[in-house]
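Have a look at these structures, which come just after this line.
Each of the next two complexes has chain A plus one more chain, namely chain B in the first and chain C in the second.
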Partner chain A sequence: MLCNPSEHAVSRRRFLGTALGATMAGGLGGLFSARAAEAMKASDRQVLFVWLDGGISQFESWDPKPNSLYGGPFRAIPTSVPGTHISELMPQCARQMHRLCLLRSLCTKDQDHSSGVARIQRGDPKNRGVPYPFFGSSVANLLGPMESRLPPYVVIKEGTGGFRAEDAGFLGPAYGSLAFGDGKPPEDLLRNAALTEADDEERNALRDLFNRRYAAQRRPALTQASTFAYDTARELMRRQDIFDTSRLSERDLDRYGRTEIGTHMLIARNMLTAGVRFVKVASFGWDSHGDNFNAHASLVPKFDRAFASILEDLAASGLLERTLVIAMSEFGRTPRINGHAGRDHWPDSWSLAMAGCGIRAGAVVGATDANGVEIKDAKHDIGAVFHTWFKALGIDSEERQYKHKGQPLPLAHEDMAPIKEALA
Partner chain B sequence: MNPQDAPTKAALLKTFQTASQIFHARFTACGTALVAACMDSTVRRWRFVDPPPEAAAPSAPDAKPQPKPAAKGKPVAPQDLVELAPIQGFQSWVQTLATHPSASTVYAADAWGRLGAWDALADGTAPLWCIDHAHEGWIRQLAVSPKGDLLASCGRDQYVRIWDTRDGRKIAEFKHAQDVYCLAFSPDGAQLVFGDFSCAIHVADAGLRRIERKLDASPLYLLSRMQEVTGLRVLRFSPDGATLIAAGCKPASGGFVKGTPNALPIDYASGKVGEVTVVGGESEGFFLDLGWHPAGFLAGALSGQPGSGQLVFFKPGEKGPFFADKSVANCQSIALHPGGRFLAVIGTNKGSNGNGRPAKGAPYLPNNSPIHLYSMEA
Partner chain C sequence: MRSIPPKRAFRRTAVLLAVVFAAACPDAGALTADAGFIDGQVMAKAQAAKVSVAPRSDDGEFQRRLWLDLMGTIPDANEARRFLQDTAPDKRRALVERLMADPRFPIRMAEAFHVQLMERAGDDEQWLAYLTASMQANKPWDVLVREILSPDFNDEQKRPAGYFMTRRLEKIGSQETDYPGLTRDVGRMFMGLDLQCCQCHNHLTVKDYKQVDFNGLFLVFQNLKLNEPGGDHKTKWLSEGMVEAKFEFTSVLTGAKGATGPRVPLGAEIEIPALSESERWVVPPDKKTRNAGVPRFSPLRTLSEKLTSRENPYFARNIVNRLWWQFMGRGLVEPLDLNHAANPASHPELMAALAATMGEREFDLRWLVKEIVLSETYQRSGRRSDGDAEAADDLYALAMERQVSAEQFLKAFLTATGEYARVVDGKGWEEMGEPRQDFKKVRASFLRAFANAAKEPELRASPSLRGALFLRNNTTVLWALQPRKGNLVERLSALQSPDALAEEAYLSIFSRLPTEEERRDVQAILNPTADRGKTISQLVWAMTASMEFFTNH
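What follows is the complex of A and B.
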């Protein structure tokens, strides 16, 4: 789902106002228990979610079928895990395979972008009459912000940025995503140059005073979100270093690639290091209905370089041990090659890659047949994948529930369970 | 060809069904057979049951058959094609082939670097010669020199290589800094031009000793978001060598690769680009193949978007085509029969695209490329 321009025209004032509105409308208190909140505070787990919008081809990435009916022109190459091969377009990821877990048995239901993007990112639960949150919003809600006080759910994408409340579904706008368009913070989020730092501090002190007086007469939950929103904005103002691309080192730019996804992945690394709970890097333009093979020859190596580099860096810094890393699209691409040398949408048998905390490193879960059309054994829908991710983050999605206006709601599809083979 | 006899349009004679998707097709020099580079890792071959009158008798690969001059009067349609045993032994799909200008040899290459030569008319399919690692990976295009002594190849490994057509001996190579998409020998055989990833055209001597100059087809290049789209797919010299046609697509987007077919006529001496031939709008796709008709115009195959496509005739330097047939979906290649009275257009089956499975419970079948045989008409 592409954001429309109006979604991005969100100023600092509106961003804060939205969060405040959410608090006044229902607050945070009803959404999770005090016990869970305590557990959340203790958790240091983070998520890097790389979203390849439009649909990367599984054939030209994680599940190549060289010299087969639908295999395409590319070869498969060995990886750091003996016996596991991926597309020749991903030589850097091949060297990181011992850190990755490939799921080659994805079978989902939606073959349209318009509905599929949201359906996949919401985990496609049973219809409860309410919009479920995107995975980023779920994590922001279930694990909360980290001690850094930076926003818990950040999106780094091309184009404009802004606050995207609808990601949060029934959780309410406080758990929406904050998008950094082209790596930059939302317009007007930063302090106006005409306002001195001292004046700004004075204003904030006054606001804090009013907030304390207001909070003293009400339940804390009602003021939690507003305090969080203001603090987050102030912290972002202080931490411009994490999204200032002029500070990226030449060596890192060479390693990650001087491309959009390379730069965005570097900012993501900085944000994870600085303490953002959930960082989503969104890359667009993967919908290769035409000229699929030249498109992937252009796109995949850029992703490969950036993704492999961040895996390497997260592992080197120790962050990978507590960061769940995911790379996926809304579906895969058809085995059959159309008359425009393209591949169309294919939810029937596709792949994703995971790494990091709770994930079995070096594993390949599931397999497709020789032509990549059918899944050989167990098929896995996105609901099972959500359970797997929650489990990897230490969240028991089979026991725990959201509570929305008194209604208990499962975290993920209740007929599905975590994929044990993918878990450490 | 007498001007009043010059064809101005084409009429569909017959469509032959095939079992695989075809990228590229050519008639043999004698005109008795059609050879095709296929996605199923084969080179498929069809022989005319009743060859058209222009066709010479089938000949050995080292013979020099001369097509008969075009017969006068109404063309006699070839009645049928019979498929010969396909040439196999490729490791991956075969995107490109080239035929010898006077013998029956076909040269073909796969996407994993294998290059070889075969007698297109032989009953057997043993190669005349074969090189397993002619390139590292995808060989994109081949071209044979006008005399038939040299074979040029280019690929994703950024190399351009020249081979001896008799035995496959490597004669020369040039390492470029980018993926090379297309190439052509000049009509006098003295030069080789090749087009790269960023749509620059490099002019080299045929021995690849040096790059003499660079021509610009960069309007065919687009950076769309993160995707670099190379619109340049075909290079063709005019028979007199005065004009080089750089054709493909002026891309409007990545992903679907929407774009407008463009053919840039480049004055070969000055490098100046003349009036660009543009066909239709952004849904017409790429010129994927071009053939010079003896009457002095170009026949082009347009890829279109899934389900559409065109056969067009145009004169270089004119704004648009003077003939267009939109009945063929997703044209991949165009093969002009020697003498110019027939041509074969390689299309794609209708309904080749679509998300998911075509129908629940139905078998999942690959696409294929019908061969549409046209006669040229005044």
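What follows is the complex of A and C.
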């Protein structure tokens, strides 16, 4: 009675080729064509997106300015790339610098959290009157799920979890995120204690039988979509190990840090390894309007440890070659130190870090002046950064478009282009 | 001219086409007298496209569809069996009439309108009760919409109608009061026009939609203020400000300036009356009591009258289109909120005739529902044969697979598993010796699993990971599949013959009898009999989690 796994694979591909094919892979329909082969090759790319909500200070991280007007109390330290220095709060990342690419010339447009968080993660395209998808939803849509059949876009965050449709914008709820609040799965995700895995498989095989009978007399698309949802559910239930914190190894926890971001980054590593297309780790509390330096002295080393450890592990397992890694916020922090020893919101000149597939390892792109106020040469808005990420993932964002209700929409700001210096 | 003239020749054409149709479809029988016009129009288009339509649904297929549409649930096994065994030639019409007289019909209609109008942006018991009472009274659609658009917050009965607007004007999180969103939704829900783009410029692709249309409506709604409960008001309420001048706007594309008074979109501007100082206020503002006053000229009231009048062709077309969509799975105009001259109905004469008759019949919702469900088009089978060519959906050659809403799914699931009375009505717990299932909590959990996110219209069936995880693991779902006095699993366990068991299961869950092949399936499933009770429970789970149960087909 048990179903044949190869049938699932076929029906899933057919599903991708019909219901979602037009948007998902721009013509995956002809599975054996050269173009499809190209698409399949690109489709092993993954993304780790580390979101430091509230705004990490570029001075206390990737672009330190010691002994300058606004530099603050921390020193800069040398890294594994001769000539490149970062804040002394990041000793572990300094040892991974040969894998990283720093962008120190970010100049974006929004200094409000409420609008900026979404604006940055949607790539701030020209206003088309429709809400653009977050980067995670874009990647879920453009690259689809992986062979693992795990959900394509997962968020690991503090606080509550659940299914978040709003990330997906005009792509629709199917491309929303599945959020693990405090690293824990959403309700009903764990196999009910009253069920054994064997029983669950048995009854699902029966369900497949009923569906086959039903679908034989109907158009196949809807039943295929359902089969896909049930398969994804099963894979998630089967892979409970990947988010079960009680199973994380002591050694790994020591390396990543027994902190929220450390644990969440470790779960992220396991999810990437298990085949989740896009994993976002969200860390909160970076909005240091007061007491910026103590706050960063506390927060940055936790991030440093977790981020450096995952880079090291992804590199060791070979995953880094096909995983795009990003760490960023919605904006940087002001050069000027305010009356509460804090730094405020600053979109004019700030930094982010990238690594992995398609990215030029060890590079530093752009620079700010001696006081960290002005960008010296070319400024880069988030639209250019989106083009860069898409390019790194093998998606030609200057050619390809979304189709929304017949309206062609660019993947990223059409007046901007990938940042070549950041690409391998 | 932007208005679409209704076809006056409806009746004569109807008779003519009914004759044509009866000849083409001899087994349509007694139904053609009512629904001939619908079927004639649909058949004519299908024939012109050289597409042959599917045969009539069988009785099982029909009764499940009709029950879900009119009762919001499926028939129980006894009901289902009785209808299948009924040999009366007019039993379908009799069933339609019986169900439309059932108290569950207005509840179902209220739920359907709630989901369409609120799009999961909020849930409110009084609002639902108001909709239900309106449907019980078969309140004409224009009256209902006037009560929604120009709510009387002093009238105990009608006050909850204001929820449509008050909910949309609430501040949610850091988001500002969404006046443009309310304006857009009024256009969408009551005229089938999505004017969103026209806030800032004329629509780029729809010639009929102008910036003046959005802003004439926007002027009326941005003039409202949401007030907290207090004083005479037990709920949130709206007050209206003074409008004395036209609303000015500038196109962000061309820089062209414009100005408008209140306006029914794609219709005429409402003149702002010039009133003397003494005439301006019904209740003058009072700074001491902080009463903002009540202006004599109410753009909201005037607009709600003009928008819902028979002079506004889009009002009638919209309700025809939305009800048609509700029962057919596809609007005569698609998308539902993109009515304009260059996007005609799939069946223009049918749309024109139904809209005109809707007006003549004073927007009688029940009349239209009955016309639709008695039509052969509604009663078409959804089953394809292998050789069938793909026909376009707008030919209605095959019944579409439609969404079963979260509310319908919950009731259908409880009816099928035989737990409806216990969970919904709270009956029969005393003898059980187990904790009661709290219906409110159960309902909320089904809604979380199957309803769309707020502001995502529920337009089609969409299987989701969330729903799949829910059916696989939710404790209430698994609870209903344990044998318990009188429930389906217990009834099935008592049946020794696999054939009888298959019949009872199929009637209870799919509202039909099993085919020979399916009887053999059930026999094979039960055959090893390792643990018969467990197998039966798995069988019921698999059927209720299957696509045949998940969709209205």
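One rule holds in what follows: the second predicted complex is superposed on the first by the 350 of 424 C-alpha atoms of A that agree within 3 Å, B and C clash if a C-alpha of one lies under 4 Å from a C-alpha of the other, contacts with A are read in each partner's own complex, and residues count from 1 in each chain.
Simple rule for what comes next: a contact is a pair of C-beta atoms (placed from the backbone, for glycine too) under 8 Å apart; a residue touches a chain by one contact, two chains touch by 3 or more.
Please read these numbers as outputs of a predicted model, since none were measured by experiment.
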Chain B versus chain C as contact partner of A:Gln217, first or second or both or neither: second
First, second, both or neither for A:Phe284, with chain B first and chain C second: first
Contacts of A:Leu103 with chain B and chain C, given as first, second, both or neither: neither
First, second, both or neither for A:Val373, with chain B first and chain C second: first
Touching partner for A:Lys405 - first (chain B), second (chain C), both, neither: second
First, second, both or neither for A:Ala355, with chain B first and chain C second: neither
Partner chain in contact with A:His345 - chain B first, chain C second, else both or neither: first
Overlap of the chain B and chain C footprints on chain A, listed as residue numbers: none
Of chain C, residues touching chain A in the complex: 174, 196-197, 205, 335, 382-385, 390, 401, 448-449, 452-453, 456, 461-470, 472-475, 478, 517-518, 521, 525, 534, 538-539, 541-543, 545-548, 550-551, 553
Touch list for chain A against partner chain C, complex: 1, 114, 129, 151, 163, 165-166, 172-174, 176, 178, 186-192, 194-195, 199-200, 202-204, 206-207, 209-211, 213-215, 217-219, 222-223, 225-226, 228-230, 232-234, 236-237, 405, 407
Of chain A, residues touching chain B in the complex: 54, 66-67, 69-75, 88, 111-112, 158, 259-261, 283-291, 294-295, 297-299, 302, 334-342, 344-348, 373
Sites on chain B touched by chain A in the complex: 21, 39-41, 91-93, 95, 111-112, 137-138, 156, 179, 224-230, 254-258, 285-286, 303-307, 309, 329-330, 332, 347-349, 352-357, 364-367
